[in-house]
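Below is one structure. I have some questions about it.
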Amino acid sequence: MKALQLSKVVFGAAAVFFLLAPLAAILPLAFTDSVFLNYPMPGYSTRWFSELVSAEVWRRSIVNSLIIGSGTTLLATALGTLGALGLRGRTSSYLFAFVRTAFLIPMVVPAVVLGVGMQLMFARYNLTNTYLGVIIAHTVIAVPFVVINVLAVLQSIDPRLEQAAASLGAAPHTVLARVTLPLALPGIVSGAVFAFATSLDEVVLTLFVAGPNQRTLARQMFSSIRENISPAIAAAAFVFIVGTILIALALNLSRKSLGRRPAA
Amino acid sequence: MRSEGRRRTFVSLALVSPLALFLLVFFAAPLYTMMAAAVSDPIAARALPQTAEAIRSWDGETAPSAGVQAAFAGDIRNIDDDQLFGDLVRRLNSAKSGFRTLMSKTRSALRDDPSTTDLVAIDARWADPAFWQAIRSAAASTVTDRNLLAAVDLERSPAGRIQAMPEGTSANGTTLVRTFVVSLIVTAVCLVIGLPYAMIAASVTGWRRQLLLAAVLLPLWTSLLVRTAAWFILLQDNGLINSALMALGLTSAPLPLIFNRVGVVIAMSHVLLPFMVLPIFSVLIGIPKNLMPAAASLGAHPLRAFREVLLPLSTRGVVSGSLLVFMSALGYYITPALIGGAQDQMISSVIAYYATGAANWGMAGALGLVLLVATIILYTVYLRLSTDERVRQ
Amino acid sequence: MNESFIRFDKVSKAFGTLTVVDGLDLDIGKGEFVSMLGPSGSGKTTILMMLAGFENPTSGTIRVGGRQVDGLPPHRRNMGVVFQNYALFPHMSVAENIGFPLKMRRVSRAETGERVKRALDMVQLGHLAERRPAQLSGGQQQRVALARALVFEPEVVLMDEPLGALDKKLREQMQLDIRELHRRLGLTIVFVTHDQTEALTMSDRIAVFNHGKIEQIGEPAAIYDRPATRFVAEFIGETNFLTGTVTGVGGGHATVDIGNGRSVAVLAGQGLAAGATVGLSVRPERVRIGAGPARSNTVSGTVEDVVYHGDHLQVVLDADGQTLLVKADRAGSPVAIGDRLDVSFAPDECWVVGS
């Protein structure tokens, strides 16, 4: 029994190390003052963060990521929330089961396959090399996350709350605005965050449909790793990881405060 | 009073229709376009309409009649779009080499003498039925299975039979096999680490479980680029791993860890491990805690109890997790592209090469179709498993 | 009952092939408190849902105040509904919850504040106006739900097992409170419950449902003392159900042979004929230990079990194959298992229900 316990601890620790060590390893390199992305670091500096903001390619890519991420978040959240509202309470219908599967399938289709098709088709409608094209491409793979999140929260709402609102004199659109949507807000917010994160991290579709003017941060990191790796990557990774943690915290906070918002 | 139900259905349909329409146009249509590109072959039929008509009655053995030759000459004279002519030459040359010189020679000769229809007089190769067979098969139809066959290293013989391509002419089959092998290895690695990991996470409580779950979720939420960059830093010749190994005296020269299979497997396993751990974990925590004590009270040794009770019950999670990992690994692009060498490129890289590098949409589409079909089949099995689960609960 | 205010006319409801409500005819008067009582699946909640407008009848019509309401959406029916789990809006304060129906009716802000305050005072929760539902106890949530359903002075108040989630003591208090509100405000209340005590305590009339049909409708005492069917007799309270054959009829009474040649005299309704096989219902608390006065029915049997219930004893008697429950006073002479015992009940306390 002792040996089993010990091997559990050793294995667990080793696996946690395997999972987290790479992330821990890259963070300090953001503060190196060397041009090499490696240890040991000769000294500390914030030059690579300055590079991130001052170098045209990096600065541009950060701005592009924000533009495209916001566009994707808006489009995916709007479409996904509507879709989830339509799918709600439709578990027994074959038609809607099919629609539901269809809404989630962009998540599983390999990005390269979708990218080839999008490049071919978007070229016909002059959508390649445009912001709109990239936003649309990102929305396709971000929207399943919105549907999943919003649907989950909608299914947790007691339908009697909406019946109660109706019995108290609220017309269907009032029920939606005053009861359903406020209660679904946490799911809509986390869906939106997922959509933004998906867009931020997307590389493959961007490779196929974006032009040089729509180069995103992730796309810039991709070519930088491929062509001339520099500690600017680590600085960008630092921004990403800190951003992830901040978003996770914000999400947690918003969930809590939405749960017990003081009376307005 | 059926109208109430019908009104609700109508409202639901109205709500789902914007997204359905959006996905139809920007998801389904691109996939269809890609598949159509895989089988579409309209060039010859479009460039050679009269020839396609005339050559139908040809016996295929001897040089074609003067009528066929005249039709072909007429078609060539009618092509004033150089782009179309170039596409036609490329299409014919891919079926039989020699067309490139033959066609340009023929075209200029036909231009110089607007009345001649005697092709054999222009070039003796026009007496060879092999060239005409290529023209006939190219012009006969606007769809082709050439790309699909080539995707799995097959071709059609001049007589139209499907046969293996000559050794060394295409590497697609090798790439497909490599993709499957790498995906299988990654799945196995994930299973070997992920199954015990999930079991440990399910068996502990409190901060230990929180830590184990956070260690899985944090990488999952972290950008794929960041994780790949991290592995790039760790695995390089003078990276942390090699420095550590050399400092410990375990090796005198850096081990080759990057731009090869080892690096790809390590980095992909790290990226996909959460997809193995989470399904197994969710199955395991659904198993009542008192089953193992019950087995023990009935006389089973802990290892025996594990094999007879816990393992069978976790099978569904293991299968779901493995399918998920394998399915994702098949389509992986970024990690092999950045960590792998030329000999480790998976099917996605080849598709990307055909599409962006070679502008060969037919081949890109055909390989894409193969990957898409494999993925959809695996996903269907996965869905079936998870719905079964829901029904049983 | 005065003139009909709510009228169900041959109302049926089917879900697929399953008929949940089967040809219901029911009239409810203005200001009346009617309980729908029945086991789960008997259709009572579906009837409430149809009245509130959340379900539509498969056939038949429902009228309220002479106006047909089928097809009218719930928000235009002006009915206060109190739901099983209260259905308070978790994202609104108590005051906002109660003010909601007034807001929907575009009542002015000042008047809304005034009426919400009055409604809160009515349920004695004035001090909790700014709390969230999650911060209230079950009983308090119940009161808020009640105040919300009453604040807009609806024509009808529908209650769907509103007290089911409360503990016994609180439930009994709320029963009295609701009855008092009904009387004071002259409300028309349709109350769904599966708890017979609740129905007996609160209602003007009780409709007992089984398999989508009304088994019996009437005032509580009539339902209890004169159950129309075995189902009603057994669903409402505890009863002894004896079977026998009618041997003679006359003078509002009948003689029934309950086996082994022993006859009992019972109250008889119309249309009873000699030779018919009938069932008899005798409430356990109407059976006394010991032989009764003349003309009362005396049955003897062997004591099979004695169960202590605190305020009384329950004696289980085997009277030649028919089981009799007796609710016995603790003060009486001690009874032991195996004792031979005579018990008696008056003819007027035995009721023929058909078998």
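Which chain is which? They are A, B and C, in the order written, and residues in each are numbered from 1.
By definition in this document, a contact is a pair of C-beta atoms (placed from the backbone, for glycine too) under 8 Å apart; a residue touches a chain by one contact, two chains touch by 3 or more.
Predicted, not measured: the structure shown is a model, and the values here were computed from it.
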Contact pairs, highest-scoring chain pair: A-B
What chain is the most remote from chain C, judged by the mean position of CA atoms in each chain? B
I'd like the most central chain, judged by C-alpha centroids against the all-protein C-alpha centroid. A
Starting from the mean Cα coordinates of chain A and chain C, work out the distance between those two points in Å. 55
In angstrom, rounded to a whole number, how far apart do the mean CA points of chain B and chain C lie? 67
Measuring centre to centre with CA averages, how many angstrom lie between chain A and chain B? 24
List of chain A residues in touch with chain B within their complex: 1, 4, 8, 11-12, 15-16, 18-23, 25-26, 29, 37-39, 79-80, 82-83, 85-88, 90, 93, 96, 99, 101-103, 105-106, 108-122, 136-137, 139-140, 143, 147, 197, 200-201, 203-204, 207-208, 218, 221-222, 225-226, 229, 233-234, 236-237, 240-241, 244, 248
Listed in rising order, the residues of chain C that touch chain A in the complex are 52-54, 73-81, 83-85, 87-93, 95-96, 100-101, 104-105, 130, 132, 134, 148-149, 152, 158
Okay, in this complex, where on chain A does chain C touch? 158, 160-161, 163-172, 174-175, 178-179, 182-183, 258, 260-261, 263-264
Given the complex, residues on chain B that touch chain A span 9, 11-20, 22-23, 26-27, 29-35, 37, 193, 196-197, 200, 203, 208, 211-212, 215-216, 218-219, 221-234, 236, 238-240, 243, 270, 273, 302, 327, 330-331, 333-334, 337-338, 348, 351-352, 355-356, 361, 364-365, 368, 371-372, 375-376, 379, 383
